[in-house]
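Take a look at the structures listed below.
Both of the next two complexes hold chain A, though its partner changes from chain B to chain C.
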Partner chain A sequence: MNVGAVEMLESRQDFIATKGKQKNQIKCDADSIAGCVSQRACVYCGARVVLNPVTDAIHLVHGPIGCASYTWDIRGSLSSGSELYRNSFCTDLKEQDVIFGGGKKLTAAIDELVAKYSPSLLFVYSTCIVGVIGDDLDAICKSATSRHGVEVLPVQSSGFIGNKAAGYRAACDTLLQLIEPTKQIWSKKAGSINYLGDFNLAGEAWIIEEYLREIGIELNVVFTGDSTYAKIKTAPQASLNIMQCAGSMNYLATKMEELYEIPYIRVSFLGLEDTADSLRRIAAALDNVSAAAKAELLISREIAKTKPVIDWYRGKFAGKKAAIYVGGGFKAISLIKQFREIGVEVVMVGTQTGRQEEYDTINELVDEGTVILDDANPAELERFMVSKGANLLVGGVKERPLAYKLGIAFIDHNHDRKHPLSGYVGAINFAEEVYSTLCSPVWNSIRKGDD
Partner chain B sequence: MMENEMKSCRNVNENPCNMCMPMGGIIALKGIAGSMVVLHGSQGCSTYMRRHIAEHFNEPVDVGSSSLNEKGTIYGGAKNLEQALDNVRRVYNPHVIGILTTCLAETIGEDVERFADEYKQKNGLQDFPLVTAPTPGYGQSHDEGYWFTAKRILVCLTETAPKHDRLNIVIPHISPADIREIKRILGLMNIEYTLFPDISDTLDRPHERPYTKMTSNGTALADIKTMSGAAATIQMGVTVEDSFSPGKYLKDTFGVPLYRVPLPIGMAGTDQFMETLQEITGQPMPASLAQERGRLLDGMIDSHKYNFQGRGMIFGEPELVYSITKTCLENGLHPVVAATGSRNARLGELLQPSIADGGEKIHILSETDFCHIKNYGEEAGANIAIGHSGGRYLEERAGIPLVRVGFPIHDRVGGQRLLSVGYTGTMLLLDRITNTLLENKHKSYRKKMFEQFYQAAN
Partner chain C sequence: MLDCTPKEMKPRLSGGLINPAKTCQPIGAMYAALGIHRCLPHSHGSQGCCSYHRMHLTRHFRDPVMATTSSFTEGSSVFGGGANLKTAIKNIFQVYSPDVIAIHTTCLSETIGDDIPSLIQSAEIPEGKLVIHTNTPSYQGSHITGFSNMTKSMVKYLAQASTTVKKDQVNIIPGFVNPGDMREIKRLLKAMNIESILFPDTSGVVDSPMTGEFNMYPAGGTTIEQLKDTGNSKLTIALGRFASSDAAELLSSKCKVPALALKTPIGIKASDAFLMALRGSFAQEVPAEIEEERGQLVDIMTDTHFHFHGKRVAIFGDPDIVTGLTEFVLSLGMAPVHILTGTPGGAIGSAVGSFEEDINGMLLEANLTANVKAGGDLFTLHQWIKNQPVDLLIGTTYGKYIARAEDIPFVRAGFPVLDRSVHSYMPLVGYRGAMRLIEMISGALLDRADRDAADEDFELVM
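Moving on to the complex of A and B:
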C-alpha cells in the first residue's frame, strides 16, 4: 500500500504517537497549526454546544450571520418542554456595525426578543468581530438584566481566543453565573444528584434518568440536556455531581465542588461495562444501600436482555478493525471499551480536544501499535486508516465522506445523531449501527472490480 | 414593492435564510481544477463551512485556515497565513490557491493582496496562481461571495488571449446534476465552451479506488486564462450586480460580448437560453432537444390544474428564486412569497412586470429571514414551500410541505443530484412540485370533506 503518497508535516509529529514505539507523551491542548486543515471548530462552537440544550433560553449570537446560520438547530438535543432553543437568533452585524460598534443593535435586539418571547433567560454569544471591535457585552447584558428583570448573560466566546475547549470553559463560566444564588440559599436535598455532560441527544439523558429513578435516586438537573432556567437554578441543592463528558464539564464540576461543596464522580453510560460500573459507583458514592441493591437487579435484568444480542453481533465482527476520531477524550475512551465489548480491535484513536490525562488513559487502554493522534486532519486520518487497515471509522459529519471515499464503514458519533447510544438500549443501537455499516452488502459492489 | 419592514424584530435575524460571504467563495473556488482554499481567519470558520458543504454534497471538503489566535489578531496574521500556504502546498500540491478573508481578517485590516504578492516573491512563485478575495462575513451573503470570488478568479488569472470560438458559460451556484445537464445540452449543440466555475465533478465525485485528495476536474486553469478571447459570454445571472459580475468584467476588460440570461429553468427560461445559443452560433435546436421541449409542454398541460392549487413560498439564492418564481407563474402556481436572505434589489425589479401583470400580490422579500418568510406566507395562505432545507422550519412549524432545491440540503440525501435545468430538468422539478401538492391533497381531502360536509351537517 502506497501510504508514502500522503505527505506528513513535521510540525505535526509531536501530536502523533504509536503505542509501544515512543516514550514521550503526545502533545495536546495547543493551538491548531495554520494550513493543517484541522477538524476543530472554534470557541463559539464549543460554548454553543454546551449551552444550546438549555431549552427555554433565547440563544442570541452577537455577530455576523454565518455564525448563526451554521449552528441553527443542528444538534439532536431533545426537549420535554420549550422549543425556543431550536431557533437561531442573531444581531446579523454588517459593515456599519463593525465600524461604529454593534452595542446599540445588541441592546435593541435584546429588547425586541424580550418583548416578543418573554423568556426567562437570554444567552448572548460573543463572536470574533465583537472581540475586536470591543462591544462591552458585560455592561450591555447587565443593563438589559436590570431593565427587563430577565437574566441576560454574556458568553465570552470570540473565536480567536483559543480552541473549542476554551468555549467549553466560557460556557461553564456563564453557567456558574446563572447558578450563583442571589437571594435564596439552597438547602441540600439529600441523595439528589446533578448529571453533568449529557446533552440529551436523542433522549439519552432521559434514559439515564429512568435508570436512576428505578434504583431510587433523584436526578436534580442535567447539564445541560433538556434543562431549563428554573432547573439550573436548583443545582446547588444536589449532594453529588456525576460527570460524563469531562472535556466540557470538568471545570464546572470542580468549581461546583469548590463553591457549593458538591463532590463529583466520573461516569459513563456508553457500553454495558461502563453503564453497570457507573450505576454501582453512584449508589456507592451516595452510600445508598438500597440503590446499590436495586442497581444489581437492574443490571442483571438488562444484561440478560442485552448480552445475547451483543454476542450475536460480536460473532459477526471477528477480525474487524476500527478507527476513532471524535471531539473529546471521554468519548474516545468509552468507545475503545465499547469496541472491546463487541470484539472489534481499535487501531487508531484521535480527538480534537482531548486532555493529557485522557490521552494517558487512552494509551493504557489500547493495544501496542495503535496510532494515537491529537487535532488530526483529513490527510492524517486517511494515512493511518489506510496503513492500519481500518474497516470502520467513528467520527462526525466532516469525517464521514472521507471514510466512504476510502471504502471504510462509518459510525456517526456526532451531536446531530438521531438515535441514542447511552445505556443498554444505546449499547444495542451501537452494535446494530456497527453491523449496518460494517456488514452492508454495498461494500461487495465496490470491491467487485478489485483483483 | 420591496418589503424590508420587519414584522416583529428589526434588529434580530430570526432563523437565517442565507450564509456568509466566504461560504460562496469556497464553492466558486471548488469549481477550479486543482484548487485549494485557505480562509484567513479563526479556525472555526473553515470547519463550520466545511461541515455545511460536506453534509450537502456528501463529499470530503478540505479547506485550510490560517487559524488566527489572539496573537495573530493583535499583531497581524501574515505569519499564520504564510504557514497556512506552506502547509497546504505541501500536503495538497494544488495548482491554484484561493485566499478568502473572513470577518476577523477584515476587521483587523489584513491586506491579502499585498501579502500574496510578497509570498510569491519570497518563494520564487511568480507564476503560481494565487487568487485573493476579501470576503468578510459581515459584508454580504454567500451569494455575493460566490459571484465576487468568481470575478476575482478572472481578475487574477485571465490574461489577454487571441480570439477563439469557444463560449464562456458563467453559472450561478447550481447542483452538479444541473451543471452536467447544461454540458449535455451544449454537447448536443456541438458547442465548444468553458463552463465556469464547474463543481460538477469536484463536489460530486464518482467512487474511485484508490481515493485521491485532488481531482483534475473542474474548470481548467488554461481555459480560465483564455476566457478573454471567447466569442461570447453567456452568464446565467440576471440578479447579479455589475460590480460582482464575471461576465461584465470580461466584457469591460477584454471586450467579450455578454449575454445575460436567467437560469434555464422553466419553459421561457430554457427557451431564452436555447435562443441565445442559436443566436450566437447560428445553429438550430437539435431534434432531440425539441422533443424534450415537447414533452415538457405535454407535462405542463397534464399538471396544470394541480399546479393551479398551489400557493408557493420560494426562497434561497436570488438567481434560483427568480427562475423558480417565473416557472411557478408560467404554470399557474401562484407565488405568494419570493424571498432571499441576500440583499438584492434586482430580484424585485425583475419580478416587477410579473406583479404588474395583474392578479394577486407577490411578497418579494430581500435581506430577510425565515421568521418573516413564514409570517408572510401563512398570512397569504401558502400551501407549498420551495427552497433549501432551512425550509424544514416551515414544514415543522407551519405544516407547509417543502420541495427541496438549492443549497444547502441537510435533511435529505441527493442535493447534488437534483436536476432542475433545461426542458428535462424543468419537467423533473415541476413533477416534484406537483407531486408534493398531490401528496398533501391525498393525505387530507377525505378528512377535510368529512369535517366540512358530514360533521357540519350532523
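Moving on to the complex of A and C:
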C-alpha cells in the first residue's frame, strides 16, 4: 500500500500550509496527536543535547536504562580535551526504586561516581518517570554538592509533553545555575564574546573561533560546544553574546542580558550570505572598527576562494529540488538560504518544533507553492516529497531510510553529520555533501517502471 | 582521552550502571511486533520513547521503522493515559490502516498503572482488525525481556488449538536475531521439507528491498492466520531461552503444543542440535545439501583452527547470542575469559534459568574458568580486560570504545550494530552463519597480525 494515498487526519490539516494558497497561519508548538507516527523527542532529550557537549561533566541519567542507552554518545559533539561526557551513566532504576523511591540509589550513585572520577561537575537528569515517583532531585543534588565540594546540578527534564523546547529550557536553567557568580563580581573583559547555540557537532565552533580570532575578537566560551566547567563559569565577563541556534538558547540569552547585562545578537554561520553578514554585525555590535575592517578582508578572501567552487556545483544542481525536515525552525531557515546559494529549489519545509515567528520567516523566504508543515509524520513527508518531485531530503536519522526507499537522495543535518557545515569551508562541505548524494550513480540502479 | 575507565576495581554498590550493555523493554517489544505482517507497533507513553526506539532500530537496520505513540501530555500522568490510547487506536486505524496494532507500555504508563486490556475492550476497533498488547515496564529486565513479552502476547491473543489432531508442522521462535538469521532458519526448514511457522519474523520487513516506493507495511512478517495456527502445530522450538521460552511455554499450556528449548543455533554444535531435533520430531532426513554445508564448515574449521587455538576472547551482548557465541568459540579451541550480558540473569524458578550457570557449565566442560556476569555493564567488562587482557573482543557496536582503548581486534555481532552495514542481512545462525563467523573472527585476528608484523615476519600465505 502506498501511504501517500491514505487520507489525512482532519486534525492534522492545521499543521500544514502551502505558500500562496491560504492566508491562515500554520499551527505549531502544540502537542502531537495521539496515534501519530510523530518524529518528536522528549524533554530529557532536549535537555541532554544542549548540555551534553560540556565535556568534563558526568552526565548521570536518573531513570530506567533506556533513556541513557539511547543517548550514549549519539550527539557527536567534538571535544578538544576531556572525553568524560562520552560515557553513559545511569541509575538504572528497578521496580523497587519505582515503588519506594529512587533517591537513595541516586545518592549512592553520585557518591560512587565522584569517588571514581573526581569530576569537576555532575549533571543529574531526571527522566519522565522520576517526575511521577517524586524523587527530590534538588535536595539530593544540593546535599551531594556540600558533601563532596563538587557541583552536582539537577536538570529538571522529567516533563513529557514531548516537546524538546521544554528540555532546552530545563538545560538553560541548569546552565544559569552553573554560571551564577557566587562571591566574585565579574569584571568585564572588553570585546570578548560568548557564542550561544553551537554544539560543535563536527567542529563548527572551532571554525568560528578561528574567524573571530583572525578579526581580533576573543571568544570567551561556547554554549555548549567543547565547553568545560571552568569555561562556563567565566560567561559573565563577556561583553556580547552571539546566538546561533535560537530555539535552544533564546531563553539563556535573555536571562544573561537581564542578570549580567550582556546584550545579544542573532547570528548564523550557515552559508556564504549569513556568514558574512554575521561577521559584520558582530564587529558592529562591539563597535570594533578594526574588526570590521579585518572582517571585510576575511570575507573577500574567503568568497574569492569559495565562490568558484560553489558555482561549479550550481551548474550540476540545475533543476534539482530539495525537501527539508529538521528539528528547529532556525535550522530550516538557514537551509533554505543555503539551498538558494547552491541553486537548489526548496519545495517542502517542515520542522519538529518550529515557533510561529520562524514559520513566518520561512513563509517569506520560500517560493510560491512550497509546502510548509509542522511535526510531520512519515506518510505526510512521503506524500509531499513525491508530489513535489523532491530529489533530496535533509533530515535526521529516522528520515534517512524513508528517503532512500523512495529513491530520494539524503543528507543528515543533525546528530549523525560528519562534516562541519558552518562558515566558508562549511558552505563547500554542504555543496559537496549534496553533490555526493544527489549525483551518485547508485540511483541509476533503481528499476523504473518498464525496464 | 576516550578511555576513562580506571584499571583498579573497586566494589560498586550503588547499583548504577556505567556504559550499559542493555536497553529498555519497549524497544524489544517494538521489534517483535514488526515481525507480524501488517502490524503497527504502538508505544503507550510519551512520544520521546517512541522516537528513541524507532531511531535506535533504524540505526541498526538502516530501514524505516514505523510505530505510533499515545503522545502523553502532563494531564495523562494525572488522569491516566486511557483517553490517549482510545484516541490513538481510532486514529491509527483511520489513517494508517494496519491489520493489527501491537501495544506496548513504557515506564511512564506502567508507573501510572494504565489498565491496557480494559482500555482495548472499550476502544473502537473496526471489523476484522485486531489490537494486542503486552506490558513492558522498562525498570525490569531488558530489551530481550520486552521481545519475549511481546512474543508471548502473540500466543496469548492469537494462538488457537482448533484441530483435534496436531498438524505436521513446527513453530519456531527465533528470538531477538536479525532478519538474515530468520531467513537462514527458514531456508534450513525448507531444505528439510518441514512445514513451519516462524514468529516473529522480521525478514521482509526491516530488510525490505528498494523499489522506489515506501511501503508502510512491507511484504514480510508472520501473518495473523499463521499466528492462530501455531496452536495446531505438533511442536514449538524456542531458539534462545531468554527471548523465546516464555512464548513456547504458554503455547504448551494454552494449546498443548509441546515446547522444546534450544540454544540459538550459532556454531556447529547448536546448529547440529537444531537439525537433529527437527529430524527426530519429523522423521525427515537432513538433506545432502545441508550435510554438504556441515562438511564444508568442518573443513574450514580444520583448515583454520591453528589461528584460533588458545586465543583469549571477551564476549558480550544479549544472553542467547552470547551463549551461542561462547559455545562456538570453545569449539574452535579459543579461550573465552570474560563473558557478560547486560540482561539480568533470570531468577531461580523462572523459565529462563541462569545465564551464569549455563556459561560456567560450558566452560567447565572445556576445563576453563572465566569472568561471567549477567546484569553487567561495559565498565565492568573494560576493567576485566584491563586486568586480564584478551586477543579478541566480540560484541555490539558499543564495544568499539574498549577495542580502541585496549587496541584489541573487534568482531561486531548482535544488537545493536550502529556503525557497519549489511550485518542484518547476513546470518550468524546455521552452518552458513558459522562460516561467516569464522571469516569475521579470522579476518580480525589476521588483519591484526599483518598490521603488527615486523617486515621480516610479514607473510603472504597465512
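Everything that follows uses one rule, which is that the second predicted complex is superposed on the first by the 438 of 451 C-alpha atoms of A that agree within 3 Å, B and C clash if a C-alpha of one lies under 4 Å from a C-alpha of the other, contacts with A are read in each partner's own complex, and residues count from 1 in each chain.
Simple rule for what comes next: a residue touches a chain if its C-beta (ideal position, glycine included) is under 8 Å from a C-beta of that chain, and two chains touch if they have at least 3 such contacts.
Quick caveat: nothing in here was measured; it's all calculated off a predicted structure.
K.L.:
Following the superposition defined at the top, how do chain B and chain C come out on chain A, clash or fit?
P.N.:
Taken together on chain A, chain C would clash with chain B, as the superposition shows.
K.L.:
Does chain B (first) or chain C (second) touch A:309, or do both, or does neither?
P.N.:
neither
K.L.:
Thinking of the overlay built on chain A, is A:292 touched by chain B (first), by chain C (second), by both, or by neither?
P.N.:
Once the two structures are laid over each other on A, A:292 reaches no partner at all.
K.L.:
Looking at the overlay, what does A:425 touch: chain B (first), chain C (second), both, or neither?
P.N.:
In the superposed model, A:425 contacts neither chain B nor chain C.
K.L.:
So in the superposed three-chain picture, is A:84 touching just chain B, just chain C, both, or none of them (first/second/both/neither)?
P.N.:
In the superposition, A:84 touches chain C alone.
K.L.:
Should A:93 be classified as contacting the first partner (chain B), the second (chain C), both, or neither?
P.N.:
both
K.L.:
Thinking of the overlay built on chain A, is A:40 touched by chain B (first), by chain C (second), by both, or by neither?
P.N.:
both
K.L.:
Can you pull the chain A residues that chain B and chain C both touch?
P.N.:
2, 6-7, 9, 31-45, 60, 63-70, 72, 87-95, 97-98, 105, 108-109, 112-113, 116, 127-129, 131-133, 159-162, 378-379, 382, 397-398, 400-402, 404-407, 446
K.L.:
Spell out the residues on chain A that touch chain C in their complex, using ranges where they run on.
P.N.:
1-4, 6-9, 31-45, 60, 63-70, 72, 83-84, 86-95, 97-98, 105, 108-109, 111-113, 115-117, 127-129, 131-133, 159-162, 378-379, 382, 397-398, 400-402, 404-407, 446-448
K.L.:
Tell me, which parts of chain A touch chain B in their complex?
P.N.:
Touch list, chain A to chain B: 2, 6-7, 9, 11, 31-45, 60, 63-74, 87-95, 97-98, 105-106, 108-109, 112-113, 116, 127-129, 131-133, 159-164, 377-379, 382, 396-398, 400-402, 404-407, 446, 449-450.
K.L.:
With touch defined as at the start, can you tell me which chain B residues reach chain A in the complex?
P.N.:
My answer: residues 8-16, 18-23, 38, 41-52, 54-55, 57-70, 72-73, 80-81, 83-88, 90-91, 93, 102-104, 107-108, 136-139, 141, 205, 207, 209-211, 213, 341, 390, 393, 410.
K.L.:
Please output the residues of chain C touching chain A within their complex, sorted ascending.
P.N.:
The contact residues of chain C facing chain A are 1-2, 4, 6, 10, 12-20, 22-27, 42, 45-56, 58-59, 61-74, 77, 84-85, 87-92, 94-97, 107-108, 111-112, 137-140, 142, 208, 210-217, 379, 398, 401.
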